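One chain, chain A, appears in both complexes that follow, with chain B as partner in the first and chain C in the second.
This part shows the complex of A and B:
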């Protein structure tokens, strides 16, 4: 069990002018499942590797249980790590791979065997213990990598994009397995991914990063409903949030491409107080907050646009309607019952009470 | 007017279904023909000569059955040469393999500075010709050479050691020389393979708590096993066939007191010397081939890899 504090951590690689990680600041209490998420090259893996001790920290301090561990060797940090490519030792059997860390730490042989057997049972690997990694499928290798971490009984689990090499179905299965594992082990986990669905479904808290900087730290609900800025709003959610460059005037937002809707009084008040009246802002609408049902058209009569469906995707329970009003393009996620074919003209209601507004220059949420 | 489309015809010849296979055979053929003529035919002819008493001057072949082979095992000089060669191989092969592996491992360590310089320096001996190298070593190990001067100046002993003429030392000098000249090549082979070893293996082992020695033992050495098989096999073949260094060192005699006589050198002496005993030399060469084959297979088995597949 360990409490971790990343205190204004920076990382700059030799030869680079720019910092790869800038001012990473976070407290991770015991037993928390934290997910670092962001696009490729945003610094999430670098941060994880600094926590592991595989990268040096350029500036700032990393604390574990109140002790600065910047110079502590990875083996002395009581951590277990799952690598993106699994890093299974090819010459060793599954059992030897899983028990290697314990063998190095001179754990008695019968204890190693017991722990490996237990972990194999949890992960459904009991029949594969004598196989070499080369004879396993991707999913099985991934489970061996997890097993190697489990048997160590470490205080902190670090998982670096562990599911990115698996197919979609297996990824969903393993996601559940890892979540169950966290509940069972009751230990800290830091999980790195570029997949926002993994982040949203598994995390207690998400750290969303871009360009080496932390954009927001919060629960999945926070990030989804109260994004700190346009980047977070656009990164979290699938399909992504729609953004409209609009001008706020009177009680409406509009652009020159045929988009024009009314802003409800509550939201308008905030915008007015913040001095955005008669200024350009960015309007953000989640696809599921754009409706085609009759009841919605009647409920939000002042935010209805005449749109034409360009591409439609039927997803079973929902349909994604890639549409445009005038020259403004957006996507609406509607009930599958309201499926519309490409080319159809459809009235769509924007649920403006759920709209997000962002500063056009800085991208910060206006609240 | 409507254009009539041509019905596609199946490709034939080199563009056909088995075209790539035929292309491969065409590329392989010239080398195979040359090998068949100059190597296979030569081997068959040598095998034939080994069962004959051969007079190269009169070009007479007299069938002698297994006599040449029996003579090999009765010949004390041949046994001395065999012993020298086996000892040479026994010391040189493991030494060159271990040293090359350790240097390659050290040079592949993350964060080490001046890697290119080290590689260049370590690779330089490979560029030196065998003859020049032998002469340099003979100069270094000479009774009045720098090594003796150095050891005496250090007070390790009073009188210089005659490394080159003392049978107790002469083969060992050639061993050192051979190790020194072959390590860079094998080091390069190991380094090339280590480039492909994913860094995450070492990182995983570091997190598992492995020391540098344990990483070498449990990660690097097993990973390099197929390469080690290659190094061992070529090393065994090279040492059992060692000729040039012993020839230059002893001026072709295998001396002093047959201490540097190797089988390859003996084959040369009997085949092209004044004794006119080509049949016996061929029998020796065949015995050497069998020994190399057996030792190589044993080593491959002992190394536990799947060979060079």
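This part shows the complex of A and C:
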């Protein structure tokens, strides 16, 4: 069990002008499942590796249970790590791979065998213990990598994009398995991914990063419903949030490309108070907050646009309608019953009470 | 398979078989000659099968009057020790140049590359003088020490370690191994194919080395096999082809054995990330 504190952590690689991680601050209490998410090169893996001790920390302090561990070797941090490419020892059997860490720590042979057998049972690897990694499928190898971490009974689990090499179905299966493992083991887990679905479905808290900087730390609900800035709003959610560069005047937002909707009073008040009246702002609308049902058109009559469907995707329960009003493009996610073919003209209502507004320059949420 | 490609394949096989015969013939002739009396060898009869089959050549070179057995053992000792020392030093140096961060690493690497251009012959006299000053002439050390590392092999191992997956080492580090233990327990076992390749080349280099033993070794009992074979040539009797051929055949046996042992590693495709 461990409490972790990342205190103003910076990382700059030798020869680089720019910091790869800038001013990372976070407290991670015991038993929390934290996911670092962000696009490639955002610094999430670098941060994880600094926690593991595989990268040096340029500035700042890393605490584990109140002790600064910047200089502590990875082997002495009581951590277990799952690597993106599995990093199994190709010359050892599955059982040896899983038990190797315990063997190094001079755990009695019976204990190693017991723990390996238990972990193999949890992960469905009992029939493969004598095989070498080369004789396993990608999913099985990933489970061996997880098993290697589990048997260690470490106080902190670090997982570096562990599912990125698996196919979509396996990813979903393994996602569930990892979530179950966290519930069972009740230890801290830090999980790195670029897949926002993994982040949203597994995390207690998500750290969203971009360009080496933390953009927001919060629960999946916080990030989805109260994004701190335009980047977070655009990164979380699939399909991504629609952004419209608009001008706020009177009680409406519009652009020169034919987009024009009314802003409800509650939202308008905040915008007015923040001094955005008669200024350009960025409007963000989640695709699922754009509706085509008759009831929505009647409920939000002042935020209805005439749109033309350009591309439509039928997804079973939902349909994504890639549409445009005038020259403004956007995507609406509607009930599959409201499927429209490309070329159809459709009236769409923007549920403006759920609209997000961002400063045009800084991208910060206006609230 | 079309008729045309079948004909092409037949032609290809004929060419390859002919090439194999041309390559193998001298070896087969030497093998046959080792079972022939000298008279039959020098008669100019190119036939492979001996007319007067004899084991006398082998009896002579392995007999008490010959130092052949001693030379053979000398070569075995020098080659094995030299190979083991080389494998350790070259592999560790290659790893250090690929993985460890230390000041001047690149400069050392480029210096090594530059030194590869220096012909071995240029070093004979300086090495001779150094060995003489160290009092090491006429010892096996004089054959092993100057060749204890091989820059070509260091380069080969460096390239191997550059492509070695870093996360396997990191996994070992997190599992609890230190840098040295990771090297010996994880990296070296996985580097076996490269080390085996190196072993064959280094062993052959020591085994076939003629120039250095000729310069540094003066006591006949300390001769290596290559130097000893030279003594079968005498001004009085000319070349004793019968003895020379028997000794030559025995001298290639260790190389063949070594090749058989390590051949598997050449063929074995090892994917370091545990892929198939």
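Assume the second predicted complex is superposed on the first by the 367 of 367 C-alpha atoms of A that agree within 3 Å, B and C clash if a C-alpha of one lies under 4 Å from a C-alpha of the other, contacts with A are read in each partner's own complex, and residues count from 1 in each chain.
Just so we're on the same page, contacts are C-beta pairs under 8 Å (C-beta built on N, C-alpha and C of every residue); 3 or more make two chains touch, one makes a residue touch a chain.
Keep in mind the model is a prediction, meaning the values are calculated, not measured.
After superposition onto chain A, partners chain B and chain C are found to clash with each other.
In the superposition on chain A, contact of A:185 is made with neither chain B nor chain C.
Once the two complexes are laid over each other on the shared chain, residue contacts for A:135 go to chain C alone; chain B is not touched. In the superposed model, A:80 lies in contact with both chain B and chain C. Touched residues of chain A were counted for both chain B and chain C, and C has more of them.
In the superposition on chain A, A:197 makes contact with neither chain B nor chain C. When the two structures are aligned on the shared chain, A:172 is found in touch with neither chain B nor chain C. Of the two partner chains, chain B and chain C are each touched by A:100. Taken together, the two structures place residues 52, 54, 73-75, 79-81, 83-85, 87, 89-91, 100-101, 104-105, 148, 152 of chain A in contact with chain B in one case and with chain C in the other. Per the touch definition, chain C reaches chain A in the complex via residues 165, 167-168, 170-178, 186, 189-190, 270-276. Interface residues of chain A, counted against chain C in their complex, comprise 52, 54, 73-75, 79-81, 83-91, 100-101, 104-105, 132-136, 141, 148, 152.
Interface residues of chain A facing chain B in the complex, by the touch rule stated above, are 52, 54, 73-75, 79-81, 83-85, 87, 89-92, 100-101, 104-105, 148, 152. Note for the complex: chain B touches chain A at residues 198, 200-201, 203-210, 214, 218-219, 222-223, 225.
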